[in-house]
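After the structure tokens below, expect a handful of questions from me.
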Amino acid sequence: MDFSLTPKTEQLRKRVSDFMDQYVFPIEKEVQREIGESGHTEPQCLKDVRKKAKAEGLWNLFLPGKDGAGLNNHEYAPLCELMGRSPIGARAFNCMAPDTGNMEILSEFGTPEQKKKWLQPCLDGEMRTCFSMTEPDTAGSDPTQLKTRAVRDGDYYVINGHKWFTSNAIGSSFAIAMVVTDPDAEPHRRASQIIVPTDTPGFNLVRPVPVMGHTGGGGHCEIIYKDCRVPLTNILGEEGGGFAISQARLGPGRIHHCMRIIGVAERGLELMCKRANTRFTHGSFLADKANIQEWIANSRIEIDSCRLMVMHAAWKMDTAGKREARNEISMIKVMCANMVMIVLDRAIQVFGAAGVSDDIPIARMWRDSRSLRIADGPDEVHRMTIARRELRKYK
Amino acid sequence: MDFSLTPKTEQLRKRVSDFMDQYVFPIEKEVQREIGESGHTEPQCLKDVRKKAKAEGLWNLFLPGKDGAGLNNHEYAPLCELMGRSPIGARAFNCMAPDTGNMEILSEFGTPEQKKKWLQPCLDGEMRTCFSMTEPDTAGSDPTQLKTRAVRDGDYYVINGHKWFTSNAIGSSFAIAMVVTDPDAEPHRRASQIIVPTDTPGFNLVRPVPVMGHTGGGGHCEIIYKDCRVPLTNILGEEGGGFAISQARLGPGRIHHCMRIIGVAERGLELMCKRANTRFTHGSFLADKANIQEWIANSRIEIDSCRLMVMHAAWKMDTAGKREARNEISMIKVMCANMVMIVLDRAIQVFGAAGVSDDIPIARMWRDSRSLRIADGPDEVHRMTIARRELRKYK
Amino acid sequence: MDFSLTPKTEQLRKRVSDFMDQYVFPIEKEVQREIGESGHTEPQCLKDVRKKAKAEGLWNLFLPGKDGAGLNNHEYAPLCELMGRSPIGARAFNCMAPDTGNMEILSEFGTPEQKKKWLQPCLDGEMRTCFSMTEPDTAGSDPTQLKTRAVRDGDYYVINGHKWFTSNAIGSSFAIAMVVTDPDAEPHRRASQIIVPTDTPGFNLVRPVPVMGHTGGGGHCEIIYKDCRVPLTNILGEEGGGFAISQARLGPGRIHHCMRIIGVAERGLELMCKRANTRFTHGSFLADKANIQEWIANSRIEIDSCRLMVMHAAWKMDTAGKREARNEISMIKVMCANMVMIVLDRAIQVFGAAGVSDDIPIARMWRDSRSLRIADGPDEVHRMTIARRELRKYK
Amino acid sequence: MDFSLTPKTEQLRKRVSDFMDQYVFPIEKEVQREIGESGHTEPQCLKDVRKKAKAEGLWNLFLPGKDGAGLNNHEYAPLCELMGRSPIGARAFNCMAPDTGNMEILSEFGTPEQKKKWLQPCLDGEMRTCFSMTEPDTAGSDPTQLKTRAVRDGDYYVINGHKWFTSNAIGSSFAIAMVVTDPDAEPHRRASQIIVPTDTPGFNLVRPVPVMGHTGGGGHCEIIYKDCRVPLTNILGEEGGGFAISQARLGPGRIHHCMRIIGVAERGLELMCKRANTRFTHGSFLADKANIQEWIANSRIEIDSCRLMVMHAAWKMDTAGKREARNEISMIKVMCANMVMIVLDRAIQVFGAAGVSDDIPIARMWRDSRSLRIADGPDEVHRMTIARRELRKYK
């Protein structure tokens, strides 16, 4: 048993951290303002920072194989945490969801042609993408309910259906859409993943769904697929392989999410401590009051627990395989998404009125993080599967 | 002991409830959209509804004496709950904060001239107002720290200082400002409340502070008072009486806040139940799953507990006086503000992705309600005073 | 709406409270020690106090009709709270479960002969009783599973079955047993309640089940009914009426339980405050530390909420009937049983090592109270029924 | 980073686990009954099992150096968890507190004579010991308040003072007593640790303090030191070194405690799952109800988090030193002691009435575990120190 990070990771941590301090945090507010006001564009200052990160080789660090930086999950995880400290951190290093997941599955399942046409521009930071799975009328956590259909018609799939929370669709070059290709197959062989260029006729971007008051950036978009035709060659992997690919995608994706969340929580804790050290009320600094101390201590405990659990899940995924690490991944999914809300809630309270304002980043982090208990499977579904595995041991 | 409502209240409940169904809920979305997009105006559709409410005599129900509808606090409270079910409910009936508090203290402490000039137009729904107390640099819950100064200069007070969270300042005709008139007096005699017309030179509205992503409507405004001169006759009550007036204002204000919160929570619970009854996933309706049932049961318990506690506090305030009911009011302040966050959080989770979207009103209610644990004294300060009173019994 | 107590209640509160101070608290430790060491006897000092209470007319206060003191539920509830402050309080006033419930149903459903033979001696404090319903092999909260059978044989019922948690069986003159008389009837007409003298052959008291380390007093007894014959005239009410009688019994019983719990919690809070006022550590009294203050404030809030909810349920039961108050009774059952554990847990923590010792009464109250979340229906079943009623509103 | 256990640990885990199954669990009930009924003796069946464990070399595994089995903390920790699954597990392998801590400090600080006279018999399992620090009148978590005095008188220390929670004093050969040798020294140089044979005149064992209803076994004893004379050579380490020795003792001791707690929680979870799999109520098995599943899933998450945190703390202590690992040790202390109460509370609830009975071991584990949030420093003091370290980063 050895809890130390590899020298490679330690050294990259230093570089990513310095880069964050020097380039990312300084433009954070400006980026959020520009995205909020002028919509979906990638502000120029962020473009510049991305160029710099690419030049320094701090790029595609999330991608394990030779298409990427070659780090495995538990090597990348600590870097991902650092990026998570800023809402624009991941994007600065081309490590932002959902592009990361799309790149991963293109790298793992894509044909050479698909890689050339769709993966390479993403790796180069020239193309953005979205993932189109969630449907308004079906429970996303229960994939057997999926309704959107792709029907073969000669050399084409014709797609019809209704999606939403296709995040980042605005500005994306293509979506990877999860669609039913064989409704009569057994449940987990019904769906396939198909690349759909966003300029395909019948890919109708209805609107970015307003989420917690925001519609900016790439949006969490509602899409109506209406006789949307894409070549058969746009299928990813084999027909009916949609769920298998999803599984492959979800493991690393959840590790990333969780480590970013930990970064968010660490930022919240740091701000909370700084405030507590300087805010004086009712006879003492907040830092000297036992209830505030309790929040800080509990936050430290909860964050550190989450980090160890995520590192362990990443290590298990790296050493025993994604399938073997499913339970660990479900556990961190639930744990981290809940933890961050509690830590940020405390931070808001420590800041008082300033805490609910957008003068400091906590309120934004708080409302943005709320979706994490729902996305990629709500708490309740993960807890159900964890419990079932536990109960099975004694049957 | 008798928990039944008076016939007067029962009958008004019916009328308010019907009015909400017929006029208020239907324009809710439109009003929020217009305020969000076009800023601070009162949309025409809301103006129309207000006119109708006034015509029907459902107007100024919050105000106890002959200036208002003559209901006491525990008679008004159940109506206030109904209004709270919609974010625009209170305004429809001219019962919205902070105008209610300002009208109350004008009614109680105003001179005949002040009443004529400032109170009557408010009662008529023709003037809107704000209350200017919180300062960015001092802890609002510790009033001895207040910094903004009013210095006599001939027939005038000259005000200098920095305020924020002067809610609703945009569109207001006047602010009631809490300012230090005698820094050398004993702590609770230092401040006074002064009427400051918002068009007075030196009343500089810097910006609406963005709160949880929003700057719309009247705003939570930052104000810089810079040599702002108002006549000595604009003082409310006597010099040094600022805290006493605040106390008088806070009691009923907190009852209103709490009952509105209960209305918010009831709306959340209703929506949650409707969703649970119709959403099918993993083999059954959400309504049939034991964890969702637990959320619903706990929500019902928590809401009903809060309502009884608020009604009791209102009754005690009405029968024993505001001062005697201080502890009860602190208790409901903490209790309701925490309860609503938990109930709404559950509602979000029951709705899944839709829950974080603004297609349904819950996410908005959730982020707007977060400030309630801070405004009017954070949880922590109320708990401290409640504890001290409890501990004192045994000293 | 009127939250004041009636003069009758106020006056009885004073008398009960004085009696507790003068006679009950002083013998508390002695009684517990004697019961713990010498088993099931009623210690002489307790017998004396009971005699005194009876002489003063502070006797059978729980019983509403002419058989008892004539108080209705919301009049008795505040007295019950006072008795709850000591584990021997209810017994001092002949208001202890399960005798109270047995007396109630005998009073309501008993024949004149049954009343004379079984009720009167209980009212006189000369007979003790038990209630025999829970079975080890079936879920007590799901009465359709009940297995113990009573079969008619001439003028007798012959009872066979296995019960446990027949509390107080040691020293009891009779049990009221819930048994299946018609297994083929619709679920809620299957069972009947039958009076079984404990000296009947075939009423085999196996052992007092050790509960939280204790077997003293009347015990939570395991009973094996083996061809146990009782006359047909021992049936309470009609055959098949067992559930209906149970319902009649449960309402007031739960009110009593809840009010006693509130008494327990008040005692815990009082002790916690006294300790906090006098224990000095790390530079200040515990009473001055913000986390301890938070526990005290929250305890006050939670206790007061519970009390209002119980009083409201009692009032509703008194004015609208037991059936109408079912939901309210389920709510207080869940709420109070959880509240008391939290309050006592805090009290233990404030006392440190002394808190887990039996030198002070808190640890005992804490472990004894744990069963309240299970007895009379576990939290989970009550929450399920509350939720179903709520959900039904929107179907 | 490597989360795998060493082959040595893996192999010992197998052996300890098999030994527990074969010899320890089968006598668990008998041992507890005998201790409960006949007081302080070590029942013969336990003596036999201890002999067997010693013969198999599963003995003194806790002790790192050449005096013991030579395992470091993170190698021993997983074994300690296994032992923790039974309340008699640690004792079976001679790894029970407080003897472990006493042996550790004797091994580290004892003179050759002390080791021969006091350590060796403990290692051989022939002598039992206690640790005498906590005082009823001073807050144990604030060592500067310590009052018990040792005054030099010729070749002797004369000890006077009042201790309690000197656990295991009944049947012990000696106590290690924490006493003030120089009240005028700076706070952390005031106390010393002195070996006091329990047959020394003036070592007055007043009583075992009843804790959660129990006084059996070695007891949590109250001791009055009255002119108790021990030779100067009985001091452990140097005069004034008491706190330093305590620190040395606490690190490993807390690791042991925490891992044992995890064992307790695992046992609770196992029993809970088995019950849920077999108990049928209201139409389904408990295992199929979403709220029970939630308890199980959360228990799994919380236990696994605690285990990783403890393993990390142990590893840090082994690699960076006890002092460096202080914060980690405080964190696991708080975390594990709270976790176990929650897990066991859920287990009780799943068992219903049986859960509060002593027919199954959960209720006992629950009430015994409550002291863990107080012993070795209450939660509140650990949280305070954790928070202060966190806050210091930003000062």
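Going by the order they are written in, the chains are A, B, C and D; count residues from 1 in each one.
Rule of thumb we're sticking to: a residue touches a chain if its C-beta (ideal position, glycine included) is under 8 Å from a C-beta of that chain, and two chains touch if they have at least 3 such contacts.
As the structure is a computational prediction, the values presented were derived from the model and not from experiment.
Relative to chain A, the chain whose mean Cα position lies farthest away is C. The two copies, chain A and chain D, are related by a rotation of 180°, based on C-alpha atoms and rounded to the nearest 5. Of the two chain pairs shown, A-B and B-D, the one joined by more C-beta contacts is A-B.
Chain centres here are Cα averages; for chain B and chain C they lie 43 Å apart. In terms of their C-alpha centroids, the spacing between chain A and chain B amounts to 38 Å. For the pair chain B and chain D, the distance between C-alpha centroids works out to 53 Å.
Multi-chain contact residues, meaning those touching two or more other chains, occur in chain B at positions 289-294, 380, 384.
Those residues of chain B whose C-beta lies close enough to touch chain D in the complex are 289-294. Contact residues on chain A toward chain D in their complex (touch as defined above): 1-6, 74, 269-270, 273-274, 276-277, 287, 290, 292-294, 296-298, 300-301, 304-306, 308-309, 311-312, 315-316, 331, 334-335, 380, 382-384, 386-388, 390-391, 393-395. Interface residues of chain D, counted against chain C in their complex, comprise 134, 136, 139-142, 145, 164-165, 209-214, 220, 279-282, 289, 291-292, 348-349, 352-359, 363-364, 366-367, 370-371, 373-375, 378-381, 384.
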